[in-house]
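Look at the two complexes coming up: subunit A is in both, with subunit B in one and subunit C in the other.
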Partner chain A sequence: MESVLQSVQGFMYPNEVELQWGILIVLYPFTTGLVAGAFILASLERVFNVEAVKPTYRLALLTALAFLLVAPLPLQLHLGHPERSLEMYLTPHTESAMAMFGFVYLWYLMVVLVLEIWLDYRKDIVLMWRESSGPTRWLYGAMALWSDNISPASLALDDRIGRALTVVGIPSAFLLHGYVGFIFGSVKANPWWSTPLMPIVFLFSAIVSGIAAVMLVYMVTAWWRERAFDMGCLDTVARYLFYAFMIDFSLEMLDLIHRIYEADESFRALDFMVHTRLYTSQVLVQILAGTIVPLGMLGLVQLVQLSEKARRRIYAMAGVLTLIGVFAMRWNVVIGGQLFSKSFLGYTSYKMNFATREGLLPAILLLILPFVILAVLIRLLPPWKVQRHGAGVSG
Partner chain B sequence: MNPDRRAFLQKTGKLLVLSASASVAWEAIVAGRPETAENYKMSDHWWGMVIDIDVCIGCGSCVRACKEENDVPREPLFFRTWVERYQVTPDDLEHPTVDSPNGGYDGFPVKDKVDEKVKHFYVPKLCNHCHQSPCVQVCPVGATFVSPDGVVLVDKTYCLGCRYCVQACPYGCRFIDPRTETVDKCTLCYHRITKGLTTACCETCPTGARQLGDLKNPKDPIHEFLREHHVLVLKPQMATGAKVYYNGLDGSVR
Partner chain C sequence: MSGWLKDKGHLARMAGLFAFGITAFLVFRWLMVPAGFGLYGHYRAGALDDAGARPLHYAGRAACEGCHTDIVEARQGSRHARIGCEACHGPLIKHAQAPTEVKPTRPDGRVLCVRCHETNPWKPKGFPQVKVADHSDSGPCTACHKPHAPKIS
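What follows is the complex of A and B.
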């Protein structure tokens, strides 16, 4: 405790010295961002019939589901009284932005994602139900809700409903992540957060991170299965990533320029923070390594004819750097917003523990967990064509 | 008795009993937890405070009394009220030097050299009991609320410990009590003021720099004080409806 006090520079209100939100709250916008972004990429294929990105469609949906299942866990772990969290559903305070989280989350999880995945996979599930035996047969039977109707008429109906759901899903994905931005953007007490641009910046960085994640997951799974990459698909996904990144970068720069030019009462304090305690994570990691470098790499592919091998390497590196950059952006918003005093007269620092409830270890585990879930989902619901006994090719 | 009439009477009887219990339950819900004091009516009061910076000597009695009275954790990171010392150079009003060692609990160390050009003064801080409070707005379960008599309170049996309210308070008046993992803040000594007493901080202030006021009581001296002094609230640009009024508040105070 004394060491926290010693790290204070200038003056903090006494209750402000210890940070309230740590790395777990950094994970929350990061994971929900991946969900929203992955879903929006999937929707492109479905709604706008972009054939080129088809190989990533199901993978994107499963990635979105895997991350969405994990998204509330860091919040739950962070609460002082997790056993009371159900009260948010039972007795929500309707004026609170946070109270609406549960409803937006449930709507998105159940209505949009689960239903859409189910409709898309229903034929496969029924086929797997017919072909499997033992507990697997029971599992697929339950997943098919014990209805094996896969007549052309019923599949056509699935498709119609699925398309309608995707159309509803896009604004829902925007809502899910725009709303996460709103949680921060609406805190008028904190000038680092309080801007109406926050939901929009969060949304576009979410799209960027989601596309990058799906691109990487596609590359890793193709490599794992020893299949050739569909370069047409990768090139298209990387192009979308580049466009989304350009918009995201412009918005973030707009926010930055606006802050510098307006230079309100908080500017001096925030400017000092960016040049000192936040320099590495904001300037070096987020802006330089996590934005300008991958943007330059992706831009290069648009301008110069490069070999397939070079493009693959660029996409992999740009994807990883993008995810690091977006994670750094979430870090800088959440942690950066608490490093300075609301008196604008001083700074504190974030002491991250390792093996504690809100430490680095649970954060790492929570980042690995979605990939474990994704592996299970992929095994259960293969997103690619599977050779079946007797049934030929499906999916 | 005619079976129809019996059924009718039975139904009516049940209905009467049910509506009586419902109305009792409703009363309890609407009124929250009725105060134990028999003569205290929440709707008759609207609490606020005046702080006269010109007479605060920075002794820290209020901080000590508050911690004692309200069982506030003694660590130097948790305060329901604290005192800040400001030192302002007249030609640089925007950048005062401020300190608050242990929240002013032990008073302030005397400076060896007093610079005549620097003005200095003490600013006691506490929850402003805003009636358009951002902390109340953000609570996801409504565990923090403005009572009908204008005091911002927390139901500790309901608080999730999500800390959103701590982020939303512009004045840094909230903290998480490490013993309960729920939020804690100044209650304006609600257990005292509802019994006709003043707050612990006002009670112990040797110079009368802090005065509790009931803005609904026309005879309360707070009205005269507000009329005769140029008072300000902290960070008025936040538009929170703060009810702690400062006399002699310097423009440099944040």
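What follows is the complex of A and C.
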């Protein structure tokens, strides 16, 4: 008890001293945000016909799938009894936002992502099925559902359905991440979370993080394959990142100005928290290093003619800083919302363990896992053109 | 494959796969969800019978007051009047069922009273609190206070 109370400053109610939600719950909105953002970027090419971002289209879909597969794992680790999460599907409570979200997750995974990827890759899958042998042949055969019809008419049908799925996928992606903000925004007992702007802010920061992640993945994969960067593509993706970031930053500032102007009974306590316990993660990391600096860098590219090399470096640095900034935003929402007392008279601290079920180590592993899955997916379903024996170039 | 399904065969297979998945889920749900779930609310109806079959431990205030009328009288109007008998004396259904055979033990005031009345800054200011170590020597609380009507004797 004594050691626990050492982290307390002022007055805390007994149930507020220890944080219930740790770094894994920070990771959850971060990963789902990457999914939603990556999908929105993919939809630019498919629905809005932005040809310049085509090289990132498939990569964005695979990135979204890799992160979506990992997204529920932080929650499973957080639960003392992960097997009970199945109850959410078996006996869902219609009044529970989390239970209903389980179905949104399934819809998004199976109907939007898996189906869209399958339709887009079907021709490649069939060609790889024809060319491969042994277990690989069986795997691609299963993925093609043992249907090798890649006639122009069937592919045109796939394209039409894929486009329709993307159109449906955009509101689904908005719903997927808007929900995560909704979960926090609807906690009316917590003034740090309770704002109707929360789903919107979460959504736009998700779009920002997803675009930044796909941009970085594209750069890393091009560098790894020793291929020249498609600068037209990179410039366009960076421009969309800049626009989305501007909207996201404006919304966050609007939320901040609204809180300062409204100055309700919680304001002094929250203001004190931002200037003390959250100063590093909120002011320095999220706002300064994670928002203003990358926004300035991306804005600079829009205003000044820079060399290709300089632009590449700026995009890489801005992308990394953006991801750090969005992660810090999730941290400040989740952790920050638990650091102050409902009495507004005291503050606690978050003590993060390392090699425990909810510690830093599993969080790091869960951040690495999507990239391992992405590497496997890229190996199975190369998102770029592949030289084929006797079949020309496909993809 | 020919006719209408000519270029839609792969989609029909995918639709079949989805149909299989949904059917498998429904069968799994049918197997896993216990009978009677949702009959009265969002819980298993049989849970009520299970709870009812568990052994009782508490007799309830009415059972105590039926015999101990002197205590009922003593508690009237006191600050302890609304506290349940078994909150201090513990679960006593066995005593209620066999009053002469099973006798409850008298609670130790140095443990019981302190549980509520030891000074603690989390408690409301108007709540009677004492620092037990400073308040009395090792004597029993009941030497000065009547537990059922806690005024100074």
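Observations on the structure shown:
Everything that follows uses one rule, which is that the second predicted complex is superposed on the first by the 394 of 395 C-alpha atoms of A that agree within 3 Å, B and C clash if a C-alpha of one lies under 4 Å from a C-alpha of the other, contacts with A are read in each partner's own complex, and residues count from 1 in each chain.
Throughout what follows, contacts are C-beta pairs under 8 Å (C-beta built on N, C-alpha and C of every residue); 3 or more make two chains touch, one makes a residue touch a chain.
Quick caveat: nothing in here was measured; it's all calculated off a predicted structure.
Superposition of the two structures on subunit A leads subunit B and subunit C into a clash. Using the contact criterion defined above for the overlaid structures, shared-chain residue A:151 touches subunit C, although it does not reach subunit B. In the superposition on chain A, contact is made by A:188 with subunit B only, not with subunit C.
By the document's definition of touching, both partners, subunit B and subunit C, reach A:14.
Of the two partners subunit B and subunit C, more residues of subunit A are touched by B.
Contacts of A:225 after superposition: neither subunit B nor subunit C is touched. By the touch criterion stated above, A:118 is placed in contact with subunit C alone, subunit B being left untouched.
Judged by the touch definition given at the top, the superposed model places A:161 against subunit C, while subunit B stays out of reach.
Once the two complexes are laid over each other on the shared chain, residue contacts for A:309 go to neither subunit B nor subunit C.
By the touch criterion defined above, A:343 reaches subunit B but does not reach subunit C. In the superposition on chain A, A:379 contacts neither subunit B nor subunit C.
Only one of the subunit B stretches 6-14, 42-50 or 60-68 carries C-alpha atoms that clash with subunit C in the superposed arrangement, namely 60-68. Shared contact residues on subunit A (touching subunit B in one structure, subunit C in the other): 13-14, 91, 93. Subunit A contributes residues 1, 4-5, 11-18, 20-21, 75, 78-82, 84-85, 87-88, 91-93, 95-99, 101, 183, 187-190, 337-338, 341-345 to its touches with subunit B in the complex.
Every residue of subunit B that touches subunit A in the complex is listed here, in rising order: 75-79, 82, 84, 95-100, 102-103, 125, 134, 137-142, 158-164, 166-176, 180-182, 238, 254. Partner subunit A is touched in their complex by these residues of subunit C: 1, 6-11, 13-14, 17-18, 21, 25, 28-29, 32-33, 37-38, 42, 122. Interface residues of subunit A, counted against subunit C in their complex, comprise 13-14, 86, 89-91, 93, 110, 115, 118, 122, 144-147, 149, 151, 153-154, 157, 161.
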